[in-house]
Every structure is written in C-alpha cells, then in structure tokens.
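Have a look at these structures, which come just after this line.
In the two complexes below, chain A is the common chain; its partner is chain B in one and chain C in the other.
What follows is the complex of A and B.
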C-alpha cells in the first residue's frame, strides 16, 4: 500500500479518535456497568414489604386493581420473581404524553397489592433510577437526558468511531501479521502505547464494529423505521411493539375470566421449552385485542432485547398469537435483526457472556484512553540526548492530557459516587433519584477542573486515588448499613446485589494499582513529559525552548 | 452454567492460549511454541469449543459466544504475557 494513503488514513484515525475518544470512553465505561443493570438496581433499591402478593392470589389482585382503576387495563405487568428491584407483584407505569419515548425520568410508577382483608390497594412507587441513569450516560455519551438531539450527537460520535475503526485497520494493515499480539514494554513509550492500543483494537474489532454500527442505528432508528415502514412494510410495521390503542365501542371483557398467570406461563413454556419467563405484560385486557406478553430469557438462544424476548398470548385462551420476538423461535429475518440488538446488549449466552461483555466494555474504554495517551506521547518534546535543558511541553498536549485525565477519571469517580449517593441520599433526604444527576455532574466537572488546575500528572494521581475511595465507598456503604441500621440504609443480600459490592472491591484494587504505578511514574519518570511532576501547569502558556533545568 | 457451556469455555480459552503461545510476538514463554502443531491444536480446541457450546445452545448463539470468548482472551493474553515478561526481566 502506498505510504501516502497510509498517512491519510492515519490522520483520519488520529483526529476522529481524538474528537470522539473521550465521549466513547464514557459510553463504554457506563456501558460496561449497564450490562449489569439489574444487579445495580437491586443494590440501590430499598426493601419493600408486603408488595409481593403470592402468585396464586394474582388473579384476585388483577381483578381488584382493575375494578379500582379501570385505566390500568391498558398496560400492566405481573412480575414472577421477587428480586430487590421489583417493586411489587403487579406494577404499571404512567407516561407523560409530552415526554420522549426514551425518557424514563417523567414516568410515574404504581404497584397494586392486597391488604390484610384481601382488598386491592394502589400505591405509588419510587424505584431507584440509578441503573437507568448510568444507562442514559451510556446511550448518549455522557449527556444527561436521552432525547432526540442527544441521540443524534451520540450517532455522530458513533459514526466517527466507525470511521476511526476502519481507518485504524487500514493504517495497521502493512504490519498486521508481523506485529499481531505484539506488546513491547520498554523504553520506547510511544511503541508501548501503540502496541497496547492496537492489540485491543484489532483483536476485538468485530465487537467494536458491531457497537459502532448498532449505535448509529440506535441514534437514528426513528428515521430509519419511518423509511422502512414506508418502503418495505407498506405502513404496517410496528404491530408488535406499538402500544395498542383501545378499540372504540368494543364490548368489554371480564378480566376475571383470564387464565391464571401460572397457566399462561405453562403455555409459553410448552411452546418454547428452554424459555424462562420473568414477567407477564398485559395489554388492553378488557378490550377485543387483549394480549399478554410473556417476557423471559433463554440462555441458549439470541434474545431480541436486553431484558429478553416475549411470546404474545391471548390471556383468555392461552393461544400463542405471536412468537416473532420469542428467543429461540424467531424466523430467520427476525433473528437477523435481533442478533444486532443481542450483540450490542449481551442478550445471549447468559451470565458468562454478560461478564465477558463487561470486560470487553472496560477494554473498549481502555482503547480510547490509550489512544489519547498515544496522541500525547507522539507529541512529546524530549530532552536532547546530550543532556541540557528539559523542554517545555506543548500547550495543546498539556491541555489534551489534562482533558483526558479529567474526563475519563471524572466519569469513573462520578459513576462510583452516584452509586454510593443513591443509598446515602435515600437515607438522608428521601428522594434519592433527584440527587443522581447533581452528584454525577458535580464530580465529573470537578475532576475536569482539577485536572486543568493541577496538570495531568498530579491530577492523574489525585483522581485515581479519588476513584479508589469512591469505589471502596460502595461496599463500605453496604457494610455500614449492615452494622448501623439506625442510618436508615439497607444491605441487600442477594447474589446479584452482593456482586456489586465485590466487583467494586476488585475495581478499587485495580484502580489502586494504577494509582501507585502512576504516582511512581510522576515522581521517577523522565521530566521531559506531561506525566512528570515538574511544573507543567496546563492553563499557562508554554514557551517552546524555555523549560525546566534537568535534575 | 451448563456443563457443556463450561467445557466450551475451557476448550476455547485453551485454544486461544495455544494460538497466542504460537505467535513469535508472545511474551509469556521464553520461546514460542512450535507454530504448526500449536496452531493446529488451537484450531482443534476452538472447534471443540464451538461443538461443546452448540450442545447447550443454538448454533448462532454458540458462534456468538465463541467469538466473544476469543476476542476477550486474545485481547487479555498479550497483557498477561507482557507482565510475565517484565517479571522475568525481558
């Protein structure tokens, strides 16, 4: 390949990576955590008592709630499990009609229960939005709200990401075979960062291509669906996922005559034996188009959504109406489309794959971080070999180094403190959800300001230790809740909830190792670098040639 | 986790390790494994891994799981090798 082509692709790779890299770091770090959205929600959910009506009493519960509030018939869910984050056996949501379809912040949640006398009661519930908040950071690259404009920004970042991937592969092609698996640690730091960047980028390229492609589609899916509907489906698309409208003047049906949930589940499992139902979503149960979606997962199959897939049944007869979204029973075209969702959301292969996606997500975050380190190292001004004065580093390099440290570690610290804050805010002020956004963004922007004030080298050490403390605060909060019940906090003891504490401990240990290694580099490494503790204030202009006397 | 998923994971991890250790750029051992036998063994183990996955899940799922394992293992192994190399003073 002609070297001028490689140079062009290298320039494209460098600048697309630099423009999109920090946003992608946030998307991947938050995305790695989002793989375990349910355990995070379980960790942050306060215990609720008396809302898990026995499954055998569910028909009575449904009938009672629908009698008390007929509008609930439009859409409600019966949860099969009793995980900490499940607010009650029967729950439903009321959406603000003006809000964005993806905006969960305006949704009001309700649960139905039976009191001691067997009468149905309706209560508002306030489930923790911690996991959804982290998911939003993932979906819109660190922006606060999942709205159309923010998704378009994310789509642009994803398009740059795809461009960076393709151009990076082209740059690497001439030496791909020779340097495959190479990770050379040594005095040539640029070589080291290049190898560290390439080995992750090239080996996990399929993962990243899928992420880039699907992220673009997710960003612009509304527009894509409109075009698809018009030109492919003749305007009939969306019969499965579209919210059903009540049929006007239709004869009412008696929900008391619906099959019991356990019977509906048995029908779904008879239809798909490996399917493990988790919830039943009833829609329009008093109308002529009553349907119940039996949601669940099948680790042996590809699921069309992160929460699994569903079989649509008639709740009165138990007849399977639709299996287009049922894992393991999809047609080839539906499976093809579902595969993209599943490959983005780790919706296949069960818990083992979730852990692998968690690690691949963190590796992706490292890919973007190391790309920025490489950019910084490539522009380093080195001290002449014959000794002499240590040159001042370029101002743009110091700014980029500080921004990289501030944004990336700000995201890490911000998310950890937001997780901790979800419990503390509930204990101290009650409404924990209102504090998620202020805690995250205060930490995030505070870290960025600190990085620019202190310079990348010092700030990296400070912020890594802050990240260690923030991560440790997660299990410490659980421990404190266990030994001091008077604090009005709780410790959930399910495996998934304890898994959050254990993972935070491991994360703190890894961050501590990084903090020690970075501190050693800052103290003992060459002074001709932005990573030296020498006077490298990034907010002051550097004059080329005027530097620090060598030690 | 089913038995066949576990054996699939072990076989594909072993195959990835053989593939890495056969590379001239590996840093785990002082010398790479002989290329042809090690790569052949890697291929056999990876195929066995897929067959094992396919006993407990659908073929398309088995393929996705196998590729996921390979991507993760082959991303991590060079880092482990480099750290071992540093430990040996290479």
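What follows is the complex of A and C.
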C-alpha cells in the first residue's frame, strides 16, 4: 500500500478518534456494567415480603386482579422464579402515552397480590432504576435521557467509531505482522502504549465492528425503515407485523379459563427443549387476540434480546402461535436478525460469554482512553537531549489531557457513587430513584472541573483514588447494612448480588494499582510531559519562570 | 487498487489528492444511495421471505454498506474519481433494482 494512503487514513483515525473517544469511553464502561444489569438490579433492590404468591394460586390471582382492574388485561407479567429484583408474582406497567418508547422513568409499576382472605390486592411498586440508569448512560453515550435526538447523537458517535476502526486497521495493516507480535516494553513508553493500543484493537476488532454497526442501527433504524418503506417496500412496511384478524371476534373471553402457568410452560418446553422460561407476559387476554409470551433463555441458543426470547402461545389452548423470537427455534432469516442483537447484548452462551463481554467492554473503554493518551503524547514537547530548559507543553494538549482524565474517571467515579447512592438514598430519604441522576452528574462534572483546575497529572492521581474509594464503598455499604440493621439498608445474599460486591472489590484493587502507578509517574517521570507534576495547571497559559508561553 | 483506469499507464505513480470534502461527501451521499439500492436489490431477490424479516434484514444491510463505502472512499486518488466510480456503481445497482 502506498504510504500516502496510510497518512490519509491516519488523519481520519486521529480526527474520528479524538472527537468520539470520550463519548465511547462512557458508552463502553457503562455498557460493560450493563451486561450485568440483572445482578445490579438485584443488588439495589430493597427486600419486599409477601409478593410471591404461590404458583398454584396464580390463576386465582390473575382472575382477581383482572376483576378489580380490567385495564390490566392489556399487558401483565407472571414471574416464575424469585430474585431480589423481581417485583412480585404478578406485575405490570402503565406507560405515559406522551413519553418516548425507551423512556423508563415515566413508567408506573404495579404488583398484584392475594391477602390472607384470598382477595386480590393491587399495590404500586417502586423498583430500583439503578440498572436502567446505567443502561441509559450506555445507550446514549452519557446523556441523561434515552430520547430520539440523544440516540441520533449516539449514532453519529457510533458512525465515527466505525470510521476510526476502518482507518485504524488501514494504518496498522502495512506493519501488522511486525507490530502485532510485539509489545515493546521498555524505555519508549509511547511505543509501548501504541503497541498495546494496536494489540487490543486488533484482537477485539470483530467485537468492535459488531458494536459500531449495531449501534448505528439502534440509532437510525426508524429513519432507514421510513426511507425503505417509500422506495423498497412500496408503503407496505406498516402491515408486516399485523396479525391476521380472527374470523369471528369472540368477545368477553373469561380469563379464568386460561391454562395455568405451569401448563403453558410445559407446552413451550415441549416445543423447544432446553428453553428455560423465566416469565409469562400476557397480552389482551380478554380480547380475540389473546396471547402469552413465554419469555426465557436457552444458553445453547441465540437469544434475540438481552432478556432472552419468547414463544407466543394462545393462553386458552396452549397452541404455539409464533416462534420467530424463540431461542433455538427461529427460522434462518430470523436467526440472522437475532444474532445482531445477541452479538451486541451478549445474549448467547450464558454467563461465560457475559464475563467475556464485560472484559471486552472494559478493554474497549481502555482502547479509547489510550487513543486519547497517544494523541497527547504525539504532541509532546521534549526537553532537548543536551539538557536545557523544560519546555512548556502546548495548551490544547494540556486541555485534552485534562478532559480525558476528567471525563473518563468522572464516569467511573460517577457510576460507582450512583450504585452506592441507590442504597443510601433509599435508607435516608426513601425515593432512591430521584437521586441517581444528581449523584452521577454532580460527580461527573465535579471530576471534570477538578481535572481542569489541577491539570491532568495531579487530577489523575486524585480521581483514581476517588474511584478506588467509590468502588470500595459498594461492598462497604453492603457490609455496613449487614452489621447495622438500624440503618434501614439491606444486604442481598444471592450469588448475583454478592457478585456485584466482589467485582467492586476487584475493580477497586485494579484502580488502586493504577493510582499508585500514576502517582509514581507524576513524581518521578520526565518533567517534559503533561503527566508530570510540574507547575502546569492547565487553565493557566504558560509556566512561570520558564517564560515559554504555549500557543 | 481502487480507482484504477485506462487513462493512465501506471496508477501507482498517479499523485493522490486528499480532497477531504468531496471524498467525504461522495462517501456520505453515494454511500447512502448505494446502500439503499443494495438493500432494495436484496428485498427484490428474496420475495419468498416474509416481509417482516426481509425488511429487517434489508434495514440491517444499510449501515454496513454505507459505512463501508465511507470508510473506503479515501482510497480513491481524487474526489472526482470517487464521485465517478461510486456514482456509476450507484446508478448501476439502482438501475438493476428498478428493472427487476
């Protein structure tokens, strides 16, 4: 390849990377945690008693709730297994019709229970939105609300990310064989960071290509469908997902005559062995188009969504109506579509793949951080070899270094403190969900301001220690709840909830190692760098005494 | 490589113009048309597939083709050649789509 092309693509890589890098760091760090959305929800869910009505009583529960509130027939869910984040045996949601489809904050949640006399009771429930909050940060690159415009911003970032991947490969290709098998540890630190950046980028390239392309689709699918409907589908796209009208509308079906949940699950499992149902979602049960979606997972198959897939059954006859979304029983074209979702959301291969995605996500976050670091180091002003004065670093380079440290560590600290805050706010003020957003953004912007005031070098050390403490606060909060019940907090002891505490401990240890290494660099490393503690707070122009005004 | 033509004897010696704006616009505009035409061709050739899933696959085709074109467009030796080659490719695929 001609070296001119390499130079052109290097410019593409630099500009796409520097524009999208920090947003991508947030998307990947929050995304890695979102892989374990359910354990996070379990960790943050306060205990509730008496909401898991025995399975055998479920038909009575359904009939009682539907009699008390007929509108519930539109959509409700029967949860099979118990877990800390399961609201109860029977739950449903009421959405604000004005709100965005993806906006979870305006949804009201209810559960149905049976009292001691067997009467159905309806209660409002307030599930923790911690896991959804982190998911929203992931889906819209750190913006607060998952709305259409914010997703378009995310899509633009994802498109730049795709270009950065393509251009990065082009730049690396001519020297791939030489560079790929080399991680040159040693005096040339920039060379080492570049080698590491290249190795991580190439090894996880398939993962990143999948993420970039699926994220662009998640942002712009509505627009693409509208254009394709006009030019390709001749305006018929709207009819693609309509079910056939039943021949004769049978009004007023009695939901008491539906098959019991265990029978419906047996039908689904007979249809798809290996499928493990977790919930039954009933829709329009009193109408002519009654359907129950038997949701579940199959670790040996591809699931079309993060929460698994479903078989659509007729709740009165148990007949399978639709298996387009059933793991293991999809047609080949549907399997293709599902695999795009599954490859993005780690919805295949069970827990092992989830951990792999967690690590790939963190590695991705590091990739963007290291990319910004290489941008900074490429613009370093070195002290002349024969000694002489330490040159002042360029102002734009100092600002970029501070922004990178502030945004990346602000996100890490912010998410940890938001997790901790979910439990403390519940204990102290009751409504924990209202505090998620203020805690996160206060921490996030506070870290950014601190980074600009102190300069990248000092702030990196401070903020890394803050990140260590914030991560440690997660297991400490659980421990405190265990020894001091009077605090009105709780400790959930399921494996997935304890897994959050253990992972936070490991994360704190890793951050502590980074903090020590960074502190050493700041004290002992060469002074001709933004990573040295020399008197270079980044909001000031030059260095007093040196007399070189950075331009 | 890309953009090789008969008008010059040795494409390896042709100077490469950066043409950032015209190449990027060619990738954005003609990449979109090419991607849409390819997805349309896919839909036309797979009418046996139910509309629901055929339409989804056609939608999923658009970003990879579009971004693939946008990612490769800087290999053209000039913005003009990018517009000519991608324009011809778009016209061809769109033409086949409407003829089928």
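The rule we apply is simple: the second predicted complex is superposed on the first by the 515 of 551 C-alpha atoms of A that agree within 3 Å, B and C clash if a C-alpha of one lies under 4 Å from a C-alpha of the other, contacts with A are read in each partner's own complex, and residues count from 1 in each chain.
As a working rule, a contact is a pair of C-beta atoms (placed from the backbone, for glycine too) under 8 Å apart; a residue touches a chain by one contact, two chains touch by 3 or more.
What you are looking at is a predicted structure, and each value in this text was computed from that prediction instead of being measured.
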item: Touching partner for A:343 - first (chain B), second (chain C), both, neither; value: first
item: Contacts of A:228 with chain B and chain C, given as first, second, both or neither; value: second
item: Chain B versus chain C as contact partner of A:183, first or second or both or neither; value: first
item: First, second, both or neither for A:356, with chain B first and chain C second; value: first
item: First (chain B), second (chain C), both or neither touched by A:312; value: neither
item: Partner chain in contact with A:302 - chain B first, chain C second, else both or neither; value: first
item: Touching both chain C and chain B, counted on chain A across the two superposed complexes; value: none
item: Interfacial residue positions of chain A with respect to chain B in the complex; value: 179-185, 195-196, 199-200, 203-204, 206-207, 299-302, 328, 335, 339, 342-343, 348-353, 356-357, 359-360, 363
item: List of chain B residues in touch with chain A within their complex; value: 1, 5, 9, 20, 23, 25-27, 56-58, 60-61, 64-65, 67-69, 71-72, 74-79, 81-82, 85-86
item: In the complex with chain A, residue positions of chain C that touch it; value: 1, 12, 16, 18, 36, 39-40, 43-44, 49-60, 62-64, 67-68, 70-72, 74-75
item: Footprint of chain C on chain A - complex, ascending; value: 1-2, 4-5, 8-9, 12, 159, 162-163, 166-167, 212-213, 216-217, 220-221, 224-225, 227-228, 231-233, 236-237, 239-241, 324, 331, 333-334, 336-337, 340
